[in-house]
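Next come two complexes built around chain A: one with chain B, the other with chain C.
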Partner chain A sequence: MTSSLTELSIAAASEALRARKFSARELTQAHVDAIAALDSQLNAFITQTPELALAGADQADAALSRGDAGKLAGIPLGIKDLFCTTGVRTTAASRILGHFVPPYESTVTANLLRDGAVFLGKTNLDEFAMGSSNESSAFGPVTNPWSPPGKALVPGGSSGGSAAAVSAGLAMGATGTDTGGSIRQPASLCGIAGMKPTYGRCSRYGVVAFASSLDHPGPFGRSVADCATLLGSMAGFDPKDSTSADRAVPDFAAACARGVKGLRIGVPREYRQDGMAQEIDALWEQGLAWLRDAGATVVDVSLPHTKYGLAAYYIVAPAEASSNLARYDGVRFGLRGQTNGDLDDLYELTRAEGFGEEVQRRILIGTYVLSAGYYDAYYTRAQKVRALILRDFTEAFGQVDALLTPTTPNAAFAQGEKVDDPVTMYLNDVFTVPADLAGIPAMSVPAGLDGAGLPLGLQVMGRPFDEETVFAVGAAIEKSAGFTARPRLRAGV
Partner chain B sequence: MSYTVAGAEGEWEIVCGLEVHAQVTSQAKLFSGASTEFGAEPNSQVSFVDAGFPGMLPVINAECVAQAVRTGLGLDAQINLVSKFDRKNYFYADLPQGYQISQLYHPIVGAGHVEIEVEGETRRIGVTRLHLEQDAGKSLHDQDPSRSFIDLNRSGVALMEIVSEPDIRSPEEAGAYLRKLRSILRYLGTCDGNMEEGSMRADVNVSVRKHGEPFRTRCEVKNVNSIRYVMHAVEVEARRQVDVWESGGEVRQETRLYDNVRGETRSMRSKENAHDYRYFPDPDLLPLVLEEAWVAELKTHLPELPDAKRARFVSQYGLSPYDAAVLVAEQATAVFFESVAHGRDAKAAANWVMGDLFGALNRTGRTIEDSPVSAAALGEMLDLMADNTINGRIAKDVFEAMVETGDMPGAIVEARGLRQVTDTGAIDAAIEAVIAANGDKVEQYRGGKEKLFGFFVGQVMKAMAGKGNPALVNEALKTRLAA
Partner chain C sequence: MSLDPATVKRIAQLARIRVTDDQVAPLQSQLNGILGWIEQLQEVNVDGVAPLTGAADMALRMREDRVTDGGIAEKVLANAPDRAGEFFAVPKVVE
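Now for the complex of A and B:
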């Protein structure tokens, strides 16, 4: 019983809960047990909240009995530890937040709670969401559930804990944030689905900021439909976020069943990289063939400024981060360095002790590119590149309805493999960064395994606020791929 | 006649521009719902946004935007329908976010102007721009020997930074500009202009040059908090710069502090040590886009501003430009005056307001808003004079009684029996008594010393306890003395 409860889709679990085949408490307990059994190996959670989860489950059971349960009643989720949660420690995986317990709830998690979701705890991530391997967390790295015996692979990052937890059956779904690929890349590396919606679709209120113009909250699920259901709950206009879009939230879950007949799918030629693993290229071709078979037309398109995307990203994101992270100064909350010196000593000590190496590196880069005399050469140029990348997409979407590419240039790699070479690490985001710079919706769908038995994802990108087409294409690939492989480390095994 | 600073090498001209930080009158802060009320307990008006907590986001307060636009309209300035917010980054303990949200590149208000009058000459001082920005909190270094305290009540309060062109040429012009600007802001209700509470402060940019020269290097004197200090800062900083140039030195561009105790400015930091603020567009905020119709709607509801009101007072009431200027400087005074003048002798109303009323307010330390004499009361008193119930001399006494008691003049006149005497029998009797007692003077008067007429008037009025109708007394006296 327990193992099957951690294998269910959200739709199936919701149906069973409503039919009272099992209780929300049983469902949550199964996940609490799975976390207790497996998380010492995975380290997917920074903070576990089993009591809160079970109390939430009891409330869901009561609501189910009354017949006024929300659409996510009793569904146990993991919450990336970048979302502020009232009364529950929120760390951003950084020492600098110390024992910070927010007295407020992020809009996205408040929306999920409104719909009856149950939170199992706060999932691990790269510190302040800066990283592609979840190795920069102050709470230790996360192990990819697909790791072969005796070898620890990374789950990707920054939302590595969320992806690992959903993949291993420790949670039915999870929240993530995607700034340069932090939902799609770990989804791909962990063999699950992850959706980065259009910028403005999900409120950033209460999400610890990394790079404000690039931060996109979004969901993880084991299926495209689960992502769609979660996004439907998370999304919506929020007057507390000035960049939130005042638009109605469509029925994303319904869009998954639309099919792709008659859709035009673009293949951006610039995503064909030298040295990319042959099996990734082959999977891409396979994905296009599936879509053709399902009635779509495949068209070659060009996104000529793609090659500048990563460089522009590594200017804009650190620039905003250097400013966003200035508030961690030891004065009002979080870690405070102990010093008898002056205010500058307090800042220096607090931030030297509180921030890890990668965060310090990005603050330094960001401070540099914004400084007098360099601003135009770096920041202004990067913003121009960003505008050109958006124009590339706008022109492409004049010809096609969606784009299909690989999500990542490689499958999961070993812990420690790239940690000493930041630039190689940054290259992991080469396919995901453009959609963040343009703010367009994009998702990763598990599509196959490489020769080593590790999952690979395909990325679908769509027009701004047309998540529905992205879900439709993602669901079509999912259906054709018939991806049923499960990781070695998983609940109930 | 232009103002100059005398140096050993001749006359130097002052070039001055002011950056005025005016706190926007609003219930809530620029980007949060926290209250802006002055004088609350430290850290009692702080939202999580103001304290820079993780994940908190700014949301613009529409009323602050409206106030900035009203101010722009009041300065006859260009309103920018699209403006943008930037972050000014620096570390300080009372700056919770580590940056101030401001508008460097695209301010909400562009070029406008303020007209000032100094020594009867009208000059137009250009306003370069007005932008919205957040205030920081307050550091308290004098509360504890080893610690500094931080009060974040001001953190996030909306300020308008109003930047003038370097058009100011003397301390007097600097003072006139500030007074005029403050008057406009108060009329508009966009800033209370209260410099003691810090709701208006000025950064003073000063340079000096010889006649006809291009601008020389300027220094910025930061955070001067009274009009008198601003005028003094311009004067002493200009003097200092003249001395530097004339002693063969060079004025360095720097930020200076004004010390009102020593009456001098001191170097704070030089350009080389200036902060690099790393300005960039605030990614948490979209461009601020205003609709033309909304701006037009605000414009139709603007009050009459000082310059227009002054012109109207001159034409409508026949006041001198000087008197009109005095009466319009404060909106409350202008309202008071108009209420008194309505349907009455406007010049008399102006004289009473500017003379006896201002004197009484000064003496009692009160303002026009809490004047012990209401406009209605003063009006009634003018009516009593007009219908000859009291004469001008008695009016002075009645007015003093009004200041003292707050009673209406009619009641005072009745209670104290101050009604003027128009009974010619009583006047004649008083005249006879005065003539009988001053036979020698009567003779001198009739012998041609006509100046003595005033003496007789005084004596008669004295005999009548001041209540005689002056015109009747004059007439009867003339007739009697001529007889």
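Now for the complex of A and C:
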């Protein structure tokens, strides 16, 4: 019984909880036990909160008995340790926030709690969400549950802990944030679904800031429908975020059953890269065939500025990060460096001691591209290229309803394989970055395995605020793919 | 555009990150690697294109200018590394 509880979908668990087939406490206990058994191998959690989770489960059981339970009552989730949670340490996987205990709750997690969700703890990530392999965490790397014996693979990043936890059955779903691919890339590498909604759909209030014009909170689930259910709870207008969209939240879960009959699906030719693994190309063709068989029309489109997305991103994101991370000064919260010197000494030592290498590198790049004499050559030019990337998408969406591409140019790679050259690591996000720059919704759906038995995802992108079509296409691919493979390291094995 | 060691030190100082002498050379090579790669943006024709400052191209909302929060000094100070009463304490700034 215990192991099957960690394999359920959110919809199935909710139905069983309402039918009182098992209690919320039993469901949460099964996940707490799974974390205790497996997390020493995966390191998916920075902070585990089993007592809080079981107390939340008891509240859910009481609400279920009363008949006033929320739509996520008793569903145990992992929360990326970038979302502030009242009274529970929130580190951003950085030494500088190693002891930070927020006195307030992020809007996204408050929405999930309002609907009765149970939080198992705070999941690991790249420091300040800067990375594609979860190796820059000050709390150690996360191991991909699909790793073969004796070889540790990365789960992707930055939301690697969330993706690994959901994949391994340590949580039924999780929150993530996607700035350059940090939901979709780890979802693809861990064989689960992950959705980055439209910019403004989920509030950024209480999410530790990386690059404010690019940061998108969103969900992970083992199915497209689970992502839709979670997003329905997380999303919504929030006056505390000035970029939050004042729009009604549609019934995303219902959209999953729409089908794709009559839809036009675009294939951007620029995503076909030299040197891309043949099996990724083949999976992409297979995905298009599935959609054709389900009644969609496939259309070739062009997104001519795709190849410049990453370079524009690596100006805009560090620039915004250098500004956002100026707040870590050792004065008001977080780590303080030890000094007998003046205030500048305090700042410099605090930041040298508190930030890891990749974060320091990005702050330095950001400081440089924003500095006098270079601002227009770098930052303004990158913002113009960003406008061209959005224009590419707008023109494509004049012809098609959604776009289908691979999520990543490769499957999960080994820990340590790409850490020596920052640019090699950045190239992992080549297919995911454009949707962040344009703010459009995009999701990764597990679609197949490569020759080594590692999962590969396909990416669906849609028009701004049309997550429903993205979910419909994602669900159609999921149905055709029939992806049932599970990782070697998982609960109950 | 390629950074020399003096520029690396100047950027670090602007960013208020202490960089030791033995860190300068590796940083210089990494930063130049990234900046060299970013140079490809120079080949894009951006004539007449307005910079996109944020995703979704939306206008910022206005709100009424009134106090909606406050009176929570203890919460604000709860994570302070050092405090003196209801103030954050820092090393001496003025002689």
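We adopt the following convention: the second predicted complex is superposed on the first by the 493 of 493 C-alpha atoms of A that agree within 3 Å, B and C clash if a C-alpha of one lies under 4 Å from a C-alpha of the other, contacts with A are read in each partner's own complex, and residues count from 1 in each chain.
Note that a residue touches a chain if its C-beta (ideal position, glycine included) is under 8 Å from a C-beta of that chain, and two chains touch if they have at least 3 such contacts.
Since we're looking at a predicted model, the values are computed, not measured.
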item	value
Partner chain(s) touched by A:A352 [first = chain B, second = chain C, both, neither]	second
Superposition-derived comparison: chain B or chain C, residues of chain A touched	C
Which superposed partner A:V470 touches (first chain B, second chain C, both, neither)	neither
Which of chain B and chain C A:T367 touches, first, second, both or neither	both
Which of chain B and chain C A:G206 touches, first, second, both or neither	first
Touching partner for A:S106 - first (chain B), second (chain C), both, neither	first
Touching both chain C and chain B, counted on chain A across the two superposed complexes	100, 103-104, 213, 239, 242-243, 322, 326, 329, 331-333, 343, 347, 367, 371
Partner chain A, residues of chain C touching it in the complex	1, 3, 7-8, 11-19, 27, 30-31, 33-35, 37-38, 40-42, 44, 46, 49-58, 60-61, 63, 72, 75-76, 78-82, 88, 90-93
Residue ranges of chain B touching chain A (in the complex, touch as defined)	48, 51-60, 87, 89, 91-93, 96-99, 148, 150, 276, 278-280, 283-286
Chain A residues within the chain C interface of the complex	99-101, 103-104, 198-200, 213-214, 239, 242-243, 245-246, 305, 307-308, 311-312, 314-315, 322, 326, 329-336, 339-349, 351-352, 355, 360-361, 363-365, 367-368, 371, 374, 377-378, 380-388, 390, 421-423, 436-439, 464
Chain A residues touching chain B - in the complex, by the definition given at the top	83-84, 90, 92, 97, 100, 102-104, 106, 204-209, 211-213, 239-243, 319-320, 322-323, 325-327, 329, 331-333, 343, 347, 367, 370-372, 375, 379
